[in-house]
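Each of the two complexes below includes chain A, the first together with chain B, the second together with chain C.
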Partner chain A sequence: MRKSWHRLAAGAAAVLSLSLILSACSGVKKEEGGSADSGNGKSITLRIMWWGSQARHDATLKALDLYSEKHPGITFEPEYQSFDGYQDKLSTQSAGKNTPDIFQMDAAWFNDWASSGRLEDLSSIPTDKIDKVLLETGTYQSKLYAMPLGNNAWGMVYNKTMMDSLGIQPPKTWDEFFAMARDLKPRLAKDQYLTRDLTADGASYMSYQLSMGKGFSMSKDGKFHYDEATWKDWMNQWAELRKEQLVTPPDVTVSDKGQDAQMDLLIQEKILLRGAHAAEFGGTDALKPGVMALTTQPRATQASGWLKASMYWSVSPNSQYKEEAKEFIDWFVNSEEAGEILGTSRGIPVNKSVADALQPKFTDVDKSSLGLINEVSKDGAAFDPGPGNKGGWANFTKEYDNITQSIMFGKISIDEGWNQIVKLSQSLE
Partner chain B sequence: MNPFRTFRIDYVFFFSFAGFVAVLITIMMIVSYRFSAAEQADSTSMYQQAVLQQLNKQLTDHMSAVEQTSLAVSINSPLVNYVTMNGDYYARKTARDELNRDYLAPMLNSSRSMFSFQIYMNDPLQVDPNANIQYLPLASASRESWYPAVDKSDFVWIGQREVGSPQGKQQVISFIRKITTLDGVNRGILIINVRVKFLQQILTEDNSSASRLLLDSGGRMIMHTRIAPPPGEINAILERVDGDTGQAHQVLAAAGSLPEKSMLTVWSRTSPGSWMLVELTPWKDITSGSVRLAWTMAVVGAAAILLSLFFTMFLSRNFTRPIRKLVQLMQAFNPEKRGQPLPTEYRNEFGSLFSGYRKLTERIETLYQSLEQQYKAQREAEIKALQAMINPHFLYNTLDQLNWMALEAGQEKISQVLELMGQMFRIGLSGGESMITLQEELLHVDCFLKIQQFKWGEELEWHIDCPEELRHLMIPKLTLQPFVENAVMHGFHGRRQGRIHLICMEEDRGIRIWIRDDGIGLREDWKTRKRHPTGGYGIRNVKERIQVYFGPPFGVSLRNRTDAPGSEAEIYWPKVNQPRDQKGGGIHVDHRYRG
Partner chain C sequence: MNPQTVQSAGKVELDKKMKAITKRFKGRWNAPLAGYLFIAPWLLGFLILQLWPIIQSFYLSFTEYSLLEPARWIGLKNYQDISQDRLFFNSLKVTFLYVIASVPLKLLAALAVALLLNRNIRGISFYRTIIYLPSLIGGSLAVAVLWRNIFGLNGFINHLAIWVGIAPKNWIGTPSTALATLVLLTAWQFGSSMIIFLAGLKQIPGELYEAASVDGASPLRKFIRITLPMLSPVILFNLIMGIINAFQMFTSAFVVTNGGPVNSTEMFALFLYNKAFGSLQMGYASALAWILLVIIGIATALNFVASKYWVFYETETEGRK
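== the complex of A and B ==
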């Protein structure tokens, strides 16, 4: 009797203490589980890089925010800057296998990048509503490597307010252009000019040669197409203007930094016009609202502007998140909500239904861009992406800038400059 | 007041057991909370120290890379050439373009930590405050807040500030170094900016929710993640710093303080002169696990208490049920009424208790019954005695009158008989006493025999053999006469003569008297034969009286003699001295002599 009671008591005590110990253990376990569970719902950061003006930066950042909001877990690490040095930066990053997941691509370098396997195939993104001609420019060996983002045209931006007050129209031809540079100067302030010195401006020379019916000075066939007579004529025109101080002096010319609030000569009203792309107009207008307007490049025997895709999105083949990047690009070009935020910050949207939906909401700025594109499309050339950097062209472009600048600063004569250029061209393959 | 003696057992048992369990669980809760909180803080700080050391190493790597780059750039000839170049605008522009294009830009583009360069120099060609590579006039450097620090030493890290960039204003921390040519002339200042965001990324790489501070060797805050404590609190933290890594639990309550005051601070630095990483974790966060543990234990404990309450209730019920039953039975106990039956299923201590109680009650009941019988017998005897007393008085007076009448009539013999009878009555009455001396009792017998002698003459002989010292002892009155009368009336019936011998003898406890005759002896059926209405009454009376007064072994026995013809009566009663209590008239006998 007594013994069994003792055993019962001991058993009860053991059960009680065991349950306490167990509960203590389970408590600890729960705690560990709790601390480990600090939320890991798929979180992705996409690096994205582009060039542009402040207006484009703002619109793009806004679009990224909307995307993050709609796709929880996806955030962006944006890098953006002006066009200057963008290619260098991208190339350096590429060499270090450190390119952003998504980056803006230019038609001029597209072939180099696509052919060297530094771009991801984007063919899986739906493109049925996108202009086939533009798509073609982003396609290499029948695979889409760069998604075009907008229609663009090369033309001219001018200070309409000032020109109107001076009672003049922007020049229609190169003859008018050079004449106006001379005639207008006396009516302008001491440091105000119609144009800056375009001696060292390769794109403007390209327009000039094109208008003279001599074709693109550089083309994607990789051959040297500079026309000696046209080139010397161009250089002489500018040398004269420079000599007569009818264009900006060289140090002012080199200080020009497009689309910079402090350093853009057009914005500073040091000059009245300069070459520009339709897609840049939003950024320019934002710096001096309602003052600027677009027009075509001056012409000669032919028109000198050209149509092109404004720019492209490409995806790095080294990206960890290729599918997410492609999804983002799909949304960027094909969704109306993205189109609404972005407007024409990268030109007229390539997706026809997005562009149509946007049409009624177009601002005056958008309409100006569209107007230039329409105007250029009448008789403008199709853009030639050029030879890229291959075959010594990278060095040629760099040295060409040096040579033309030397001419501008009066270090060498025009003839000497041409000789150097020809000599340089011989090193091209 | 001892509760064990005051309150109901089941209550005491129940509450003390429940209290004990509650106290035990509370103690376990407190101990486990304390222990686990300390453990938690320890392991957290260990982990944090390891993380901080790792981060510190990463940061140091980045920082020293920046420092090395800065040194390499500052002594690099294109830079020095450009900074010291005079004269032609185009030459200087070309030099700068080349410097940017071929040297500085690739450096920036290839580095993730370096964000931008700022170069202070004499006569920069043009100033672009939003470029990656900025050339700035040396004259404006002296207006900067960091200038005094640089002026004193050749290079220095400075904390968070804002610089212009292609991406707008950006928060950076900067390494500043003087550009000094080989001849020892200071030609400018090189600043390498590291984006704060980049460092923050490193510091928050592990998704830690704690806030971290980066302090330079002078205790100035270079940067922080999440929250920035005011300088007073940084000083408070620094006061506790001891060694290169460590931890402290401190309350930060300087002015402009953080909402959370109680913090675990963990610090790490590579050497006493290096930067220090400090991690602040709200104490609340650290102990939250322990608090949860304590709560869990409280809930489990409450459940255990509840469970043990039921268990205790069950125990105390079962332990006290037999006791309460017993108490109830004892309260309801009435010897005249048979109560409820006692439980019989207990085999333990309770069983013994119940059986003990059962024996007790049984004995009490037997005692009651015997007392009652005794009382009844006594009452009857007393009533009979009273009845017996009425007749003698009347007879006594009548006898006296008869005696006178006999004397007047000259009947000498009748007068003598009457006188003897009178004497007998006197002894028989003897003032209502129930005990008289043996002397008087013997006289009574003598008177009776003398009266009988008138009828028998010399043929009736008797002899009384009693020692003188016994004669003053007491005997219930009229004890001997019925036996003598029995011998004369029945023993000598139909005979001419008879002898009666009366012997008294003292024994240890009492006196024994034998009354022997030589008569016919007892009839075969004397015990069972129906009594004569008057005969035999005397003997029965004596028997009962002795029985009532004294009980066994005292009593009366009647038998035939074995040595000779005739019968023998033996009377045995205790020694009683002179009556002690005159009033009550009761018999007082030493109770030792009772059964």
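== the complex of A and C ==
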């Protein structure tokens, strides 16, 4: 027993020393190679993760390739997916202290992440050409924790080809909107409608409440801002349309999945318009090229769209390569060569000189996005990242969907739904 | 007796004692050590990847833990909140409905197919393979996605429905039919239960059937009087495994319907997942996991108790003889 121990130890020591010698040799070699080259010859891999459509994946991967080409020794391990489940994945990685070096961040969760020390301070990245208002949305306690990547706006996407052939324009006001849902139906196929049933669509209701001059229904102060009269009015309008079969039936409404080639009702030409973000337009257009166009949300006494930062890059404080990650982000937002590849895949670039330089090269898709953003910026609402997940809001959003869906499926009345929402709001902190 | 033999007898005695002592020590330490080494790969996996997380989740069930911030001890509050959570009772209702509908259906399908395949015709192993095939891929995501399309708005079922004269609809998007599509998906994955039934059927002695035939028993009578009693231990096994699996059903509820519409398919495991990763309430979700464990434990215990009244073990009759 003893003998074999000795033998084992000796063997292990031999292997260890051998490997030390070998690594020492390779270390020397590397240094020599480094000095022959320009700069440092270290080779690192940055993990980077984002969500988006295929158009955004393609553009981003191309940009990563270019960066690796220009910076020998830096390679990327990209992880990308659609928005579904992205936050779940990121939170889980964060709990395991395994977040990628660089990851895409959303305005809605930014405060939760920044306030719990899960983001690296990015203040050292030059930002002199970036819109101050946008930067503000990625700042927490006067430190920049999330670099905004694009300008974005909430509006509507509509099937221009079909509307043109019907000789109509997208509705400009909510009154026009509801009237059109009625008047247009006889001219459409049996399973075609102007719009899907928006009873259970929180974002569209938010637009409606804004247009009535009642402000955002959810905002960053974390308080309950749903306006009873406006809400019931909205629900009643939809209940009538639903009863008269002028909007999609409930089972069809819940099957809608934006940006999915098979399940997006707009792409399937079952509906003619729906709410959309300017920065998503590339993905929508790719599914049905040249057919769709963007416009603003319908208005009432006020405009009902809003501006927002499309998304951000953040860096993990656990990253081994924070400086390299920040350098990459600097290149990503501030260099024209990156801007040229990325186009408007994350909205209109935040760096003014990059955006100006790109203007002549904009495709029709880019111009549509820019057009909507310009239109909304005239009189749309300012940024509001919303309440985030804290204080019971994650639960509220989910329950809100359930309650409004129950109304849509006729399981509860509108008044009952409102009472449930009020009761739910009392659990908010 | 000469003294030499006495001496040697004493020596033998001593040797025996020594051997017994060394054997006892060896027996206690050496032999089990080798045993533990042999099961070490499994044992380590169990301790690190299963037992430790189980202990952790028990602790977490008494805390508020959002993943982003450290866990905070809140005592029994999670359990109190759960007892007032409307969605918790909804998920319980959905899960029990699902278990009650899917388990018997799956067992019936498995038994029926096993009976069909339990005969000697040419190419029977080919048929067995073909019929078992869906179950190999049945639990996978791909099949769940396929199911979503079959029962979706433009799906295969709606093409059939038009032929039969039923108005096409989105079967997975209608609260009253969504759960049924998931039950069908489960019943369709009968393969592994079927294989076990098939093995059970092969175990039944042919003489029993021959004797019954001689007495002029009808096939139905043979099935009820011979096949079912002889198969009952296998039925019990499949029933218990089926119930345990059904209570934990997640994949198809997540992929096909994601709990909707109006929570009509929000199974317990999915509800737990949404609390954990959707609302980041890990403590709450851990408490839910422990409640599910207790429910499954009770269901299994009830099954064992009830089994005394309907499961027939061959050894019992032998004992009575």
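In the analysis below, the second predicted complex is superposed on the first by the 388 of 429 C-alpha atoms of A that agree within 3 Å, B and C clash if a C-alpha of one lies under 4 Å from a C-alpha of the other, contacts with A are read in each partner's own complex, and residues count from 1 in each chain.
In this section, a contact is a pair of C-beta atoms (placed from the backbone, for glycine too) under 8 Å apart; a residue touches a chain by one contact, two chains touch by 3 or more.
Small disclaimer: the values here were computed from a predicted structure and weren't measured.
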Contacts of A:Asp112 with chain B and chain C, given as first, second, both or neither: second
Contacts of A:Ser413 with chain B and chain C, given as first, second, both or neither: neither
Which superposed partner A:Ser124 touches (first chain B, second chain C, both, neither): neither
Touch count on chain A, higher of chain B and chain C: B
Chain B versus chain C as contact partner of A:Ala394, first or second or both or neither: second
Partner chain(s) touched by A:Thr363 [first = chain B, second = chain C, both, neither]: neither
First, second, both or neither for A:Pro250, with chain B first and chain C second: both
Interface residues of chain A shared between complexes with chain B and chain C: 88, 91-92, 95, 250-251, 254-255, 262-263, 398, 402, 405-406, 409, 411
Residue ranges of chain C in contact with chain A within the complex: 67-69, 87, 149, 152-154, 169-170, 172-175, 260-263, 274, 277-282
Residue numbers on chain B that touch chain A, as the complex places them: 21, 25, 28, 32, 36, 89-90, 93-94, 101, 105-106, 108-110, 112, 125-126, 128-130, 132, 166-168, 207, 209, 289-290, 292-293, 296-297, 300-301, 304, 308, 311, 347-348
Chain A residues within the chain B interface of the complex: 1-2, 12, 16, 19-20, 23-24, 26-28, 30-31, 34-35, 38, 54, 57, 79-82, 85, 88-89, 91-93, 95-96, 98, 250-251, 254-255, 257, 260, 262-263, 398, 402, 405-406, 409, 411
Chain C-touching residues of chain A, taken from the complex the two chains share: 88, 91-92, 94-95, 112-113, 116, 118, 249-255, 262-263, 389, 394-395, 398-399, 402, 405-406, 409, 411
